[in-house]
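For reference, the structure discussed in these notes is given below.
Every chain is named by a letter (A, B and C) in the order it is written, and numbering of its residues begins at 1.
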């Protein structure tokens, strides 16, 4: 359930006037948006519209050339992916970014292994890691044979589920998902979308980049469109339609029958 | 019937006993006989002598002359098998030294063949490189007038072979009154020798003779001399008498070379190893002989 | 009616290599009963393969990251020569001993930092460069000639035996075996029970996964190559002790043997897979092959052919395993 968060603006995350230059190229120009706790925000846009640049700024990989970000009401600057992660912003990648040769529980805690912390390295507590992983998967209602299974032995949908589990293993506040169902078989898509819906119940804010209207209209609360690096349109899902959103991607506003898939 | 059985058994036991008496000698060469006529000759000489003397011969070598560890392992394993004596051409005299000491401590006599090791009290059987180089120098002395300009191309001077050939040739040429204008290392390498020769020629237009410490370098020097159009006035003498050199001598380009006697090394290696086994004393250095090779006998070395 | 035994398959994958080693030893005992299983021969096998085992352990860590280090043979020579020079300069023996691993670590750092800082496309290129540089340096430092005669303390690890009985001091457990065992156990613990060890496997499996998990891939790679250099330096110390010298031709081709041992032992060339136990088994398989053929008086060229065939077989099995994994 979407709720107002924190103090002041009440938003979980707010972006104001985000602009990003790469040399002479303007990738983003004056982008604004907000995200509430427990809300799933769909982000659409054609290739080159600036979606992935925006996500890289949110996840700490890039810094904006100008503009500001507010996280839970206060100003935030994510200096690196590690920093963004540390503050509770996680990313789920299209190709999962999992180490197939390693078991599920090691992937979930990769880089953040529980155990005895020494300067320079950690003596991993494998038993605790396994137990935590199992508990976490149970919480998300993800079913696998065993947390000891190597990720490469899982199906695409299961791998994506593990990637989502990794992104939420440390009380993430915001999860950014980049085309999470693009690499999945049809029958696995539904499960992953339900998983995303489940995150809402835990108060996590989700930003979902997708070009699949079915996914967006199943799981999102609001949808916004970027066009040529800037805000183009935005609406709660109940106030818009597939055709309109498709039109936004192409840079056209308003209901356009002519843009229905079978008529374009 | 019983008598035949008894005789047969006795003969059988004697036979087994005498077979058990046959000594086993290990010949471990620096490099394999396959592809290298030098080591093939060492092996052949050793095998012949072993058959003659009735000893079992095991011939081994590492795959490359640089493979020290393989040679060490081979010898260790043969020692474990109970080999009685070893004739060794060490890939690296220093690296093999501890193993030679270990063999001696086990009463397994060792002789060095072709390449001298560093262990004290171990006989070296091989070419007297100084004598051989002197042979070459003498040939130059007999062919060129006293006081002429001559040059020496050295091998790797830190190796004993290089040092010995350089010393022997220098002494021989100086003794007959030649004017040694250059002594330069070319590291046994043909291309290097060519470059070095070019430089020497530039500074010494009246050069009459060159001694190169091995045939490779001699052939490189010949290329340089040919390019300068001076092959008629400069005689080149090499060392080793390998097939390429023999061809060059027969073609009239190289004047002469010095042949080693690898077959002798193999044979004398086996013979002296057996002598040590029998408790006899042998000389600390055994010269396997060198021979001057000219147009007259070059055909045998092709 | 083939039954799928996941237990058996897993067992074979992990321990199959040990089964092969045992089978080889049984075979060799049958073929050379008088010699093979004797304490002398077994001790020889250990002595002959101890430095190779250390090189293989170092190479293993690199291969797990899907990398390669072609310079280990030359670096070993450089380390040997340097410690021999230090010995000749009459430095105290603890210093001489430390020189070996230090030179190894230094070269490893050059490899790791060069590779990551210059962003070279593959460690093959970087380590090919250091292979030549190290070999050249060995020749310069040594003047092209071997340096003999090391202090007995320096030789200790390479030559000492802990005798089994007082009657025959030449038969015993070589100190080098203990060094190899300690190194192997230490490395196995590091790779399987510490975070950095797990990161090494992750980098081999999927470098992107490692990166997005906040792992500094460059830093880990520098550590990996430095670790390989450390083991190379230890190997140099062992070999110097064994041959009582530093010689410029040391280790020519040793990197290829190390790679062979690692691959035969089950590590994947593509990274992310393999165990320390497998590496030791790989070293033993090559060592037993050589020892067996030496005992049978077989020409050394057959050893080369057989080892080559075993390598191809080992890599082919890795290919089959990957194909089977993709199918599931």
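Throughout what follows, a contact is a pair of C-beta atoms (placed from the backbone, for glycine too) under 8 Å apart; a residue touches a chain by one contact, two chains touch by 3 or more.
The shown structure was predicted, so the numbers you read here are calculated from the model rather than taken from an experiment.
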Chain centres computed over CA atoms; the one at greatest distance from chain C is chain A
Suppose every chain is reduced to the average of its Cα atoms; which one is closest to the average of all protein Cα atoms?
C
Taking each chain's centre as the mean position of its Cα atoms, how many Å separate chain A from chain C?
44
Could you work out how far the Cα centre of chain A sits from that of chain B, in whole Å?
76
When centres are defined as mean Cα positions, the distance from chain B to chain C in whole Å is 36
Contacts from chain A onto chain C in the complex sit at residues 81-82, 85, 91, 93, 95-102, 106-107, 110-113, 115, 120-124, 126, 152-153
Interface residues, chain C side, partner chain A - complex:
193-199, 201-202, 204-206, 208-210, 212-215, 272-273, 325, 328
Going by the contact rule set out above, which residues of chain B touch chain C in the complex?
32, 34, 58, 60-64, 66-70, 72-74, 76-82, 91-98, 118, 156, 158-159
Complex interface listing, chain C residues touching chain B:
35, 38, 40-41, 44, 47-48, 143-148, 159, 239, 242-245, 247, 249-250, 252-254, 290-291, 294-295, 297, 299-301, 304
